[in-house]
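You will see two complexes here that share subunit A, one where it goes with subunit B and one where it goes with subunit C.
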Partner chain A sequence: MDRQVHHGPAGWSQGDGAQVTAGRPPLSAGMSARTENEPANRPPAVRCEGLTKQYGSKRALDGLTLEVPQGRVVGVLGPNGAGKSTLFRVLAGLVQPDAGRVEVAGQLPGWRTNRQIAYLPDRARWYREHTVRDAFRYAEQFLLGFQPEQALELAAWMQLDLDLRAGDMSRGQEARLMLILCIARRVPVILLDEPFAGIDAVSRARITEGLVARIGGGETTVLVSTHELAEVEALFDHAVFLNAGRVLMQGPADELRRRGGSMQEIMQQLYV
Partner chain B sequence: MRDDAVHERKVGPLTFRLDLSQPLYEQILEQMRAAIARGELPLGEKIPSVREMAQALRVNPNTVSHAYQELERDGLTETRRGQGTFVTAEPARVDQFRTAIAEQAVNEFVDRMQALGFGWNDIDRLLDERKAKGGA
Partner chain C sequence: MEESWLEEGHVRPVPLRALVRQDFRLSCRRPRLNQGWWMLYVIGVAVLAVGFATYFGRRGDFDPRPVWFATLGFVFAGFGFGIGVVTNEWKNSTVGWWLSLPVPRWRLAASKWMSALLRGWLLLLVVCVALALLGLYALALGGRLNPAEAARYLGFGAAVGGLVAAVLPGAAAFGVFYGAIAKSRWRPAIPLIWLAVSGSWWLVAVHHGSPQAGAPAAGGPDGFGPLWTASTWQAVLASWLVGFGLVGAAAHVLDRRLQL
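Moving on to the complex of A and B:
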């Protein structure tokens, strides 16, 4: 473990992500990515500097700079097109940025970080013929760090029948399966892109419960992008607000709550 | 504050009201302190584990853990290795804590009244009027 090697070379600034758009200084003043209990010698779970990604004429990421401390549950928030999914794909090593630097768990994203990252893409699907049990067997063979016992516990907790075929599942049930396949892995970083999109209230509640069962303890950092804030915002201990491919505001969630109210209220203030 | 930002959650004998537009850590801490001060969580009683509490409240376990650490610093709870966390068994601890909170509330009240220009006689009179109205 040569994690120290990656920590704090001169090129890394603490980021200007704590700044906010003109007109709202009270929300951002004094905000920083770290809190008082932060051990100084652990590398951040995610570190991006000046990330840029262009798709044709559209700039999906526009100089995005961000540092996420380890062990947090981070809400990655913003309107459609803010750059959330592109950021996740870059972190997962699926998209190469045009410019900028990125590290996940102290490494460049790529095939080597497969061991470090579990990524749930937007609208993920599974093999139609597989039952939940089949999917877990498959995952045990092919997904690094997959913990079958934890997956079974999560399935029981989230009320997902092990004999149900993916092809016969509702969207909500399939979303539960996809979430379990992702969070039952012992990895330092979990990326969940819209895990609640388009699914029923019961499944959203089950997914929230599954997440609570998995998080905490400081070992795993979870980044969640979602528009369904009501379900999940109490789980965030850190939040990042994106707009037009940049960080508009970020900070510890309780600090943001104190200054600007709930995540939902802050969204409304920021993106009017 | 909007009503849909306030969630009510039951945990055993306790009811928590969490307002998502305020820091969650402080709300959990204050409501736990109040439950112990009022005796809703009796002396020596085991309190739910961090994970159980987080699951029941549907909040981040780190937030619960942070509040539990503060309760222990207050002297209101103690952790026994391998057994969990318990409300202190010593009544004096809880009394001391209640008294400290009460003194703080009284000081805030008196400061506020004095800032408005009320003297001790006025304060006595207002308190008597309040008592006459009844209630706790």
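Moving on to the complex of A and C:
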């Protein structure tokens, strides 16, 4: 692996938003922060600067600096404890960072920003007395930008019976439901934290098909944290590798693959 | 970025009423018992209650009014409902969905409080109706069912039940606050909270006699003192004010102090 690709907390930009230039390894054309046809004045979908979050003696985020351009599908990768879920919780406004600065869709995370974020929490379950239909009604009422027609299409696509109660669903069916509740929303940012955790291969394939059908190629920025790389790595435009609360490596997925092989292989090179 | 998405009509406020309805439905869901067991428990409690009413009613000299004091348990139940309605989000692994709703935390806390309160009031009403019917049944069995006796029994029930209903908002608010604290970085402060509650209770007792003074006490013209005195009103008002403060404090904890 050519470690000149992208190193440390510097990523698409420095902490102050300036492009990486002097004092940093030069970025190849394929690894630049923004593609040539992307307007330079588009604010990043996510910007973190020196983000720190401590739980007792454990530092979950350790000065994490990251900038994610709009309209990308970004894999947020790393081993357990790398800080992925903490990062997502900070972005969704569930927890406050101890230090550093964070912006999502140009705003500080919080309930107002959550109007623009679809967030699938880690290890989440759905309300067990809700049927799929109830869940869609809930989403219409509470989750801004939710598009019921899209949700119904996705439910049919993912073979979810509308009258099935979440409490009677398999883990895979429940995961499909929760994914639909996120990706059937028209919002600038979607955060999917371990959407495949504990899901069987058949359901993973269905969910991936749903993701392929729905995300990417639009204005929406999607951050996906997962250990199930085999199925989804083709989705990623970009990848961010975290370790011990810091960005270890990041960049456009094609360029990373060209230099380091598949995401799985890069993971092995970085962490094993 | 925001304007372009906002302009397309994606922003509409989430009404508090909708949140309360959702939380109320969740808080009222039955324990995980199948229908048969559930019915068995309901029938068992009903048979016991009617059995007791029959036994005491047939004695003839039975004054059923003290049974209304059973409703005092709803003060503690209200506290429990408040805790449960918050901590169930963690227990059911739905906390991420709940806290990422595009709704200010004060509204989330207020909704939990209102749903716990509604649940408490609804159950209290059901229990009061049941106690009213059982008491009248006992009076009838003893041959003492007349308008004066019925009014005396029901009036006393209304006073006790009304008092319990009036303090439920404070109890439920304390539960919501306690539930939020239990899931926050301030969890180690829980013993301090209990010390503060015990201390306040003791102070009230020292300054006003028993905290139940003005509430049921023997020695009145018909065996019970007046329940609704000026100090009762003051205490109820104070519990509401403290309750509002606790809901606000719970919102702050949910916003800034959570341990997730």
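Worth a mention:
Note that in this section the second predicted complex is superposed on the first by the 240 of 272 C-alpha atoms of A that agree within 3 Å, B and C clash if a C-alpha of one lies under 4 Å from a C-alpha of the other, contacts with A are read in each partner's own complex, and residues count from 1 in each chain.
To be clear about the criterion, contacts are C-beta pairs under 8 Å (C-beta built on N, C-alpha and C of every residue); 3 or more make two chains touch, one makes a residue touch a chain.
Since we're looking at a predicted model, the values are computed, not measured.
Superposition of the two structures on subunit A leaves subunit B and subunit C fitting side by side, clash-free. In the superposition on chain A, A:R186 contacts subunit C only, with no contact to subunit B.
Legend: residue contacts after superposition of the two complexes on their common chain; A:G145 is shown touching subunit C, with no touch to subunit B.
Put subunit B and subunit C next to each other and count what each touches on subunit A; the higher total goes to C.
Computed from Cα centres after superposition, the angle at subunit A between subunit B and subunit C reads 150 degrees (steps of 10).
Of the two partner chains, subunit B is the only one touched by A:S262; subunit C is not.
Contacts of A:D237 after superposition on the shared chain: subunit B is touched, whereas subunit C is not. Once chain A of one complex is fitted onto chain A of the other, the partner contacts of A:Q107 are limited to subunit C, with no touch recorded for subunit B.
By the touch criterion defined above, A:C48 reaches neither subunit B nor subunit C. Of the two partner chains placed by superposition, only subunit C is touched by A:Q70; subunit B is not.
In the superposition on chain A, contact is made by A:R89 with subunit C only, not with subunit B. Taking the two complexes aligned on chain A, the least Cα distance separating subunit B from subunit C is 20 Å. Overlap of the subunit B and subunit C interfaces on subunit A comprises no residues. Only residues 71-73, 208-209, 212-213, 215-218, 230, 233-237, 253-255, 257-258, 261-265 of subunit A touch subunit B when the two sit together in their complex. Chain contact summary for the complex, subunit A toward subunit C: residues 42-43, 45, 55, 70, 89, 92-96, 105-107, 111-112, 114-117, 119, 121-129, 138, 141-145, 186-188. Against subunit A, in their complex, subunit B makes its touches with residues 1-2, 4-5, 7, 18, 20-26, 50-51, 54-55, 57-63, 65. Residues 1-2, 5, 8, 10-12, 14, 18-19, 22, 25-26, 29, 92-97, 99-105, 256, 258-260 of subunit C touch subunit A in their complex.
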